[in-house]
Every structure is written in structure tokens, then in C-alpha cells.
Amino acid sequence: MALVEIRNVHKSFGEVEVLRGIDLAVEKGEIVTIIGRSGSGKSTLLRCINGLEQINGGEILVAGERVHSRSTDLRKLREHVGIVFQQFNLFPHMTVARNITLAPVLTGRVAKGDAARELALKVLAQVGLEEKIDAYPGQLSGGQQQRVAIARCLAMSPYLMLFDEVTSALDPELVGEVLKVMEDLATQGMTMILVTHEMNFARNVASKLVFMHAGMVHEEGRPADLFANPATPELANFISSVR
Amino acid sequence: MLQLNFNQLWRYQDEFLHGMSLTLLLTLVATLAGLAIGLAGAAAAGSRFAALRLFVRSYVEVIRNTPALIQLFLIFFVLPYAGLRLPPVYAAAAALSIYMGAYASEIIRGGLASIPRSQIEAGQCLGLTRWQVFRHVILPPALRNIYPSITSQIVLLLLGTSLASQVSAPELFHAAAFVESRTFRSFEVYAVVCAIYFTLVLAFRLAFAGIGRIAFRWPTGR
Amino acid sequence: MRGFTISDVLTMLAAVQWTATLVVLALAFGAPLALLLARMCTGRSRLARLLATGILQLVQGVPVLGLLMFFYFGMPVFLGIKVPALVSVGAAFTIFTAAFLGEIWRGGIQAVHVAQGEAAACLGLTRWQTFRHVIAPQAFRIALPATVGFLVQLIKNTSLASVVGFVELARAGQLASAATFQPLLSYACVAAIYFALCFPLTLWSRSLEDKLNGAR
């Protein structure tokens, strides 16, 4: 069975149906990139995967566990499913070290003190920011903050990471450093589902490309194929509009 | 002709000091009790039970839209009829606590609500429990947001303890009335009392600013 | 001893006019002073800034009861004549209003100043024109909710005039309580009247604030 199984998922906000029957499977080690116009439901889908949003129909299984079942301990599940947001969402009142080690310490994965700091250094090394370990988020650039946010996820050693337009809030010159970190993760075999407008990344790094349109998976396949031969006019239009 | 004479007042140092200590004690007690009421009120304002929410709302609005002096009179003069005869100091402490509690409820409720939903979600996404999210993610920045309003409210409370003199609790103004009755130097007495209050307020403000600087060191804004 | 009757309520309602008189007096004399203080606080002159800030801090650092006593006993001392209670009490609330409104308006002016002052200077307006046409209208909008909120504080604080024997609403309540031995009814009635005066203002202030936040 795939690591993530999304079956016929429906989701409405009040009257508006935002997800209208999504089916998607993500295997372990896959890099799935979701593209689509603003408002097509990409963020909502990611938020459903780690249970931030309730769903109105269908089911989502992560590592065989039904996310929206009453008996599922969402808190436990989230220890293994990292998510990185567009707006970083670092805790402004904690240093980088504390941001990173808060959850590992509170969930009992690592002891407070030296061990925790070592963990922080290790994941910061992965994003190339060891020297910022004692800085506050307010003292970092957007790109640095986003890399810390990624490191914060890594510290929980997740088996799945979700990225929601993590470069969209960055100044253009800072996008590269964040994409580089994500590429490294991809090469190390991390399973990733990411929403992005970086078409080069989607083309070169992703193992699967998903085009969402009007709350459905409109097309999916190998990135090279979809970019070269979009089957629908909607995808063709989308590709030419973001180029 | 100006005929000011402060010399006679020196003999009454002890009266002023006693008054001042009760003023400070009332401020301390009403601050602590008021904060406790405020926390409970803020929690109740977010409760699932509509009746509880309505009760807190009414409490806050009634207290904030009527004079503290009248609240004090109600507690002091009315409770004896219900069989509860509170000594002046206790009545004043109770009235000031209830008064502070209403303002603190509003301030704390607003402070908690000011923490963006995205911060709470970030905490949840890391696998933290509800309590851990509250304790580590919501509380520290909320305290920082609350701090300026709460500390100004404490200063207003310090000034408000002067009302206790109206039910003969022996705080500063009550001491002043006593000294006045002995010396007939009304203006000088109240000028001294005002100066003492002003000094206390200044000291409070400085202390709060210092504590704030130490407690909230993280940079704000992005 | 006599019972608490409708005539006691009517007496209280009549006393509201003296509460209102105090409020109107305080606003009529206090508001212009407040504007002056606010402008001094935000002006160029260092001396004026220091002086105005000092006055604001001083008045805000003293209990209203202290202000009342200061003027009640001080005016005869300094002026050498007895003045009616209305004058000394009115003076105390005037100063109170000047300081608290001054603080609110200073905040409003400063909020606009930083953002807009430079832009206006670039348009070649004089400093008075800038204040009159650019700063003041926006500052007024920003400060309006807090200004209305201050009215509530002012009304509530006029109850302290009762302490020096000035007969307004709170004092009328005390008199009724003493005459009827019915403190619960008397003070509840007084509280209800204050609430009826203040609560609509509070609601208004809140809706102004919501509108302001919505507009931003």
C-alpha cells in the first residue's frame, strides 16, 4: 500500500465545495508536486492530509492510518508528518534552537540540554544555518526563516513532509537557497508532497506532477510528459501562463 | 495671600506611611485577585456554554459602565443586609478586585485572541498537545501583547484605591483626612498626598518598563 | 424613616443634570486644552514638548480624588477668595479631561505624523496646512473611538464630586440611602442610571473601533 492514499475526498467550506472528489496515491520516497491556479484547493488538500481540516467525504490514509477517523490520535500522527507553510510560522519568542527543539523535547524524543542542542545543530547543518542557532526569527531573512522552519520539521524525523508554497513569500533572490534545501532532501529519499509555482523545480526534481483544477485532480503523470504534452487545454493554459 | 505651611505635616510621617502601606497592599491584593478573575473570565468568554459567556459579558459590561465608587458602596453598605458584614479594608479589597477583574478579563481575552491561528496550527502540526500549545506557543506572545494594557490598568488601580477612603479604610486619603483634622492645613495635606501618589506611579511605571524589557526580549515585527 | 419611593428616583434623575453639567464644563474647557497639549507634545519645540509631556504625566499620575481636593482646597488658597463648589470641581475635571484627552489625541496625531508628515512636506504645504488638512482629519478618525471611550470614564469619574458634597447623581444616591435606609435600592438605582448613560457610549465607541479596524 502507498504511504499516502487519498480516496474520493470531498471538502466544503459552507456552501462552497472546494475539493470535489480527489484521488491520489503517494508512494514512499516519491516527490509529488501539486500545481494549479490560486483557489483550486491545493492548500486545503495539504491541510486535510495532516488533519488540520475535516473532510466531508472519502478518506485519507497515511501509513495505513485513517486520518479522519475518530480513533486516530492526530497528535501522534503529526509527529511523523511535517508541514512547512508559506508564512514560515516560526515562534517569534523563541530562539532558533528552541523553535527546533521544542517539539522533540516536549514529545520526549530528546532530552533537554546538550542532546537537544546537538539535534538542533544537526538539522541546522542540513539547511546550512548552524551559525544562526541562537538568533531569534525576527533577526533572520525570509529565506533563513523558511530554512529554519524546514529544520524544525526535520528535527521530528518525519516520514512525510508537506510543503505549501514555501517560496512564495520570499524575495526572488532568496528563493534559490530554500529550493536547494528541498532538493537535498529529495536526493536523501524523503517523501514529499509540495505545492509550488516553481516550474523548474516541478520539472526537474519531482517524480510525479499533479495538476489541480476546480477541486479535482485534472491531470497527473511524469513531469516531463505533462509539460511536453498537456492533455487538456486547462493545463496547457496554466503552463503557458506561469512561464 | 499665599500662606503655605508644610512644616506641621512632618510630625505626621507615620500616618502617611501607614496610609501608603495600605494603599500598596490594596493595589497588590486587587491586582492578584483581579488577574485571577480575569484569567477565569477570559477562559469563560471562550466557553462552549452560552449561559456562562453571557454571565461573563454582563459582569464585564456592568462593572465597566458604572462608577467604582458606587460598586464600593453597594458592597460595603448592602452586604450587611445579607448578613455579611465586611470590615472596610476587606470590602474595599473585594470591590477593587471585582473592578480589576472586569478590565483584566477584557484585556486577557483580547491578548489571547490576538495570537494568529497560524501559530496555533504550527504548534499542532509539530505534535504538541493542546496544553503545550497554550503554554509554549500562545502564552508568551499573548503576555507580551497584554503587558502594556495590564500594567496601565494596575497603575489606574493604584490611583483607584483612593476610593477606599470613602468607606473609611485607612489608606492614604484617609490618613490625609486625619492629618487635616489635626492641622487644618487642607491644601498642603492633599498636595503632599498627590505628590506621594505621583511618586508611586512613577516608580510603578519604571519598574514595569524594566520588567518588560527583561521579560520580553525577542524582536518584534518581521 | 420613610420608604424608598418613586420620588427618590425622580430626585436622582434630576441630579443627572448636575452630572451632565460637570461633563459639559469639563469638555468645553478641557478639550481645547487637550488639543493644545497634544500639539505641544507632537510639535517641534523641545521645551513645549517637555512641558506638555510633564503636565500629562503629572495629572495622569494623581488620583481624581486628589485633583478634586487640590482644587477644592487650593483655589481659595491661591485666589484668596471662596469659590463655589461648581467652579473648583469643574476646574478639577477640566484638568482631568485635558490630560487624558490630550494623551489620546497625542497618540492619534503621532500615528499619522510619521507616515504622512513627510509626504505632505513634499507637497509644499506649510506646517499649519499640513496639520489642518492632512494630519488632523486622519488623527481625528483614529482617536475617535478612544475619545468616546473617555467620555465613559469622565461620566463615571464625576461621581467623585460627591466626596466634596457637590450634589450630582452619586451624591443624590447617598442622600436617598441615608434618608430611606435603603442602600440596596438607592445605589442599584444610581448604578442603573450610570449604566444607562455609559453603556450606549461604550457600544458606540466599540462600533467606531470596529469600523476603523475594518477600514485599515
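Each chain gets a letter, A, B and C, in the order it is written, and its residues are counted from 1.
As a convention for this text, a residue touches a chain if its C-beta (ideal position, glycine included) is under 8 Å from a C-beta of that chain, and two chains touch if they have at least 3 such contacts.
Values in this document were obtained by computation on a predicted structure and should not be read as measured data.
Once CA atoms are averaged chain by chain and compared with the all-protein CA average, the nearest chain turns out to be B. Ranked by number of C-beta pairs in contact, the top chain pair is B-C.
When every chain is reduced to the mean of its CA atoms, the largest separation from chain A belongs to C.
Separating the centre of chain A from that of chain B, both taken as means of CA atoms, is a distance of 47 Å.
For this pair, chain B with chain C, the centres built from the Cα atoms lie 20 Å apart. Separation between the centroids of chain A and chain C, computed from CA atoms only, is 55 Å. Across the complex, chain B is touched by residues 50, 52, 74-76, 78-79, 81-83, 85, 87, 89-94, 102-103, 106-107, 136, 138-139, 152, 156 of chain A.
By the touch rule above, chain B contacts chain C in their complex via residues 1-4, 61-62, 64-71, 73-74, 77-78, 81, 159-160, 162-163, 165-166, 173, 176, 186-187, 190-191, 193-194, 197-198, 201-202. If you check the complex, the residues on chain B that touch chain A are 118-119, 121-129, 132, 136-137, 140-141, 144, 216, 218-222. In the complex of the two chains, the chain C residues touching chain B come out as 58, 60-67, 69-70, 73-74, 77-78, 80, 152, 156-157, 159-160, 162-163, 170, 173-174, 177, 183-184, 187-188, 190-191, 194-195, 198-199, 202.
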